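Labels run A, B and C following the written order; every chain starts at residue 1.
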Amino acid sequence: MAETLLRVAGLSAGVADKTILHNVDLEIARGEAHVLMGPNGAGKSTLGHVIMGDPAFEVMEGSILFDGADITEKSPTDRSLAGMFLSYQAPVEVPGLPLYTFLRTICQMRPELKTTARKFREEVGALADELDLDQGLIMRELNVGFSGGEKKKIEMLQLLLLKPQLAILDETDSGLDVDALSIVSKGIEAYRQRCDGSLLVITHNTRILERLEVDRTHIMVRGRLVADGPASLIGEIDAHGFEHYECELGDEA
Amino acid sequence: MARTHVQDINRSLYDFVMPEVDAERYADGLTPAIVRAISEKKHEPAWMLEMRLEALERYHTMQMPANWGPSTKGLDLNHISTYVAPNAKRTNSWDDVPADIKETFERLGIPEAERETLAGVGAQYDSEIVYHNMRESVADQGVIYTTIEDALADPELEPVVRKHFGTLIPMTEHKFSALHYAVWSGSSFVYVPAGVTLPFPLQSYFRLNAQGAGQFEHTLIIVEEGGNLHFIEGCSAPKYNVANLHAGAVEIFVGSGAHMRYSTIENWSKNMFNLNTKRATVGADAHMEWVSGSFGSHVSYLYPSTILAGDNSDCEFTGITFAGATQDLDTGCKVTMNGKNTNASVNTKSISKDGGINTFRSSVIIGPRAENARASVSCQSLMLDDMSRSDTIPAMDVRCAGASVGHEATIGRIADETVFYLMSRGCSEGEARTMVVNGFANPISKELPMEYAVEMNNLIKLEMEGAIG
Amino acid sequence: MAGTIQLAHVNTPPAQTWNYLRINDIAIEVPVPREQGAAFNRLPRIFDGIECGIGDEARDWIVASTPDARYIEVPARTTRVDPIVVDIAAERDTAADTGICVREGAEATIVIVAGAALPGEATTSALTRIIAERFSKVHIMEIIALSGSFRHLEGLGVDAAHGAHVDVRQYFLGGKTVAAGFAANLAGDDATVELSCRYLVGTGETLDINHIVRARGRNTREDMAVSGMLADGSTKTLRETIDLIHGAKGSQGNEAETVLIAGENIRNKTLPVILCDEDDVAGNHGATIGAISPEQLAYLQVRGLSEDEAVALFARSIFDDALIHAPEAISAAAVAQRAEAVLGIEASRDSLEALGTDFFGGV
């Protein structure tokens, strides 16, 4: 088996007065693509944000290891610089900040991505074309007045620019029309091919997985990982939903 | 489409005049002699007379601001009587109140409210309090509710008054606070001991019956650590053709961990110049709430102000102003945040009609040490016709990096879509507009004490004429 | 140096408030206008009536300090390709008094730049009054990018007739004391003004802004968005007034302000006023004053920025935004020069390389 990139062990987390995640164990090896599925409100997004160190959540127990180092206490900034990436389900609007300035800044601070402004400008232009994004958006304010599809594509653009070792894609497929979905899928494919990065796709929709070779599938219900299995599990979920897992969990949660 | 008409406030409830029988009325105008006479009649300590005389001097040298505010033209202190005392002794029994005065307060519903929902009542008629009473059970807990005049005569209370009186609102604040300190008369003094919660509100009602007179009552409230008080202030006057003046002052000291709510329904007649000043200072972990309804007066300058001095203290200001014909109401509030983690929330609504002028004026100052202070100001104005006016002038001054201020203001009229939507569900246009105006005022009126909420609904009696043409 | 006089009431808004707040105006010490002889080049009388935000006293001082007023006309139904540039080189203590008439259906871009590369001490000023005739389009770019002890007075007034559209981009990037007034008189029906104002007030600097939009015509639109950043020991005052005058039926005005406080000992004063003398109108104002919102900060952190870097990013974004919208070389150079002083040479060059006008050949 390939070397472990991410190891989540015995993780419980939540907000001040409410535990959302209970004793979660998850391992992702270098180069693997995992899928995290579960009904609405199961805590999937929370897991993505907690792995990334979102200060809105608090880790109550357990640890998170990335590339062999314990990052449980690390800031999101450090995690990002270490090669982790989280795409937002609802990307944040930052009025007044040109998208270009943002992209340039987050790339230029990583030694491996440093390049001249002119080359960078061209690279961003090429990626925008690839993702079918209007070039004019690049000089507009970050996410302000962007459509849902444009916002998701901007997240993909950042993924392809930053080339992280691990990408957590939080409901990247939600709210997209068919065309946008296909472009986002292509973006994910491009990421896999170009960076050989690991992937944790959070979704409750199997559509986006059609183009993806999945190594492992995890099911989360009420903050617990209740099952995992091979890619074929996705087909089962497609056919039968999550009810079976929810019943199994009974009233204990 | 014919414009529907929202009727002016029905004022008949308040607009009745009692004859001025045997009243002791001092000469019009302002002289040291009048000030001395007021002081002498009240048997005041010397320091109070000195304060009055100093204030009178300042009054003569101070100017009204030339660059902002409604005009006070028509207000001539040479034709205002600053002291009119009814021929009545202060009593704690309604039976001892002279018949005409008793009838006045009965028509205003005060004795009834006292029986049902209040812990104590003070009633001022022109320049003096004529009735004062508090439930025994409340008095037993050490709560003091009396007049400042009586407190000054009490050797135990005099030092307390002296320590607080005039310290929160200085006489130099503005021209009419100077006037207030020169001629103040009639008052409420409330002292709530540490840890005491009053089960019911206290209420002071101010009635100005005399024509061409001024009312200058002073309210001094001290709530000690952990105390809890709801104080209600009501005011009204009959309509005359000459100017009347109200220049009261309210000083409130809220101790740490204490809770204070001050509710006002102000329904002065439209010949009244209302230049009232109210201020509270709030200790650590304490809470101050203002609920303010302004419906009356010809001209108002009214901005209850709060100083959040202690850490973790907070304040809420909820206000509604209704300006109709001939009214120029400049109202709002001031908040100064000095403590850490303080919170201020301001929520106001105004309705303008028939040429009435509403100005919302506020200031939020966040001091350099007010780390993590949060302020939010929201003001909404509704214009009911194109003859009226509504201005919003909120100032903000932030000197602390770790603070945040959110502010939103909207001015508009009743949306045609809303009226159409309601009409499509079977309402007449008049009903639809009434619903919208009521809905607009409702979040504020529900904060008022029950009897005042009912009163407000009566006040904004919306009568729709005209129909879709 | 010649003596100085005090302009006591600069940037006074139409509706004032408590004087103790010291928010109603700013007093500025300026040099006594030099004797220039009597034969001044004056603007046509028609410009006299155009309000320009800084107040009559300051306006008269600029007029008196400017030996040669400049009048420019953009003929009807033409589009002027080259921007009209008012270039205030601070080193030369410049004052400019410019009147521009954009005739019916014409379109023009006007650039007002005040830049100084070297530290120094001077008082510069620009007074620009514009008549935007029916259905004209006027694009205005103001860049005040001074350093050192430069003081600057900026007055800008626009009269907009029926269907005229005016957009204004203001960038206040530096100067010891900068007082900038702007007034738009939307006299005609359907006239619109869009104002975007961005600023960075550095340590020890004072920025004083007075925006006035008077809606007189029917169905006018006025949108004002102001955002900026305050560094240690800086002072900023913003007065914004939307005056919805009787008869301006169907008009809508919006004011929005965002202030990022990024330092200690700052003073941030805001007076956002809506005056309303009409019922069939809508006026809105919103303000957010404080630090970066937790949601924004978390998002930026997740992309690898520390809190300090996030704040630095916001500072850079103001300069980058100015570069992105700079329509010609003089304004771009002024921005780049100031960016060099504030952000450092590396960041400035980096932005200029990708965003300078030569890359796009103008926007």
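Points worth noting:
Here is the rule we go by: a contact is a pair of C-beta atoms (placed from the backbone, for glycine too) under 8 Å apart; a residue touches a chain by one contact, two chains touch by 3 or more.
If you're wondering where the values come from, they're calculated on a predicted model, not measured in any experiment.
By count of C-beta pairs in contact, B-C exceeds the other of the chain pairs A-C and B-C. Core chain by CA centroid proximity to the global CA centroid: C. Averaging C-alpha coordinates per chain places the centre of subunit A 57 Å away from that of subunit B. With centres set at the average Cα position, the gap from subunit A to subunit C is 42 Å.
Averaging Cα coordinates per chain places subunit B and subunit C 42 Å apart. Within the complex, the subunit C residues that touch subunit A are 198, 227, 258, 294-296, 298-306, 309, 313-314, 316-318, 320-321, 324, 349-351, 353-355, 359.
Within the complex formed with subunit C, the subunit B residues making contact are 65, 67-68, 361, 363, 365, 368, 381, 383-386, 388-413. For subunit C in complex with subunit B, the touching residues are 15-19, 21, 23-24, 244, 246, 249, 259, 261-291. By the touch criterion given at the top, residues 52-56, 75-77, 79-81, 86, 88, 91-92, 94-98, 100-102, 104-106, 108-110, 116-118, 120-121, 139, 158, 162 of subunit A touch subunit C in their complex.
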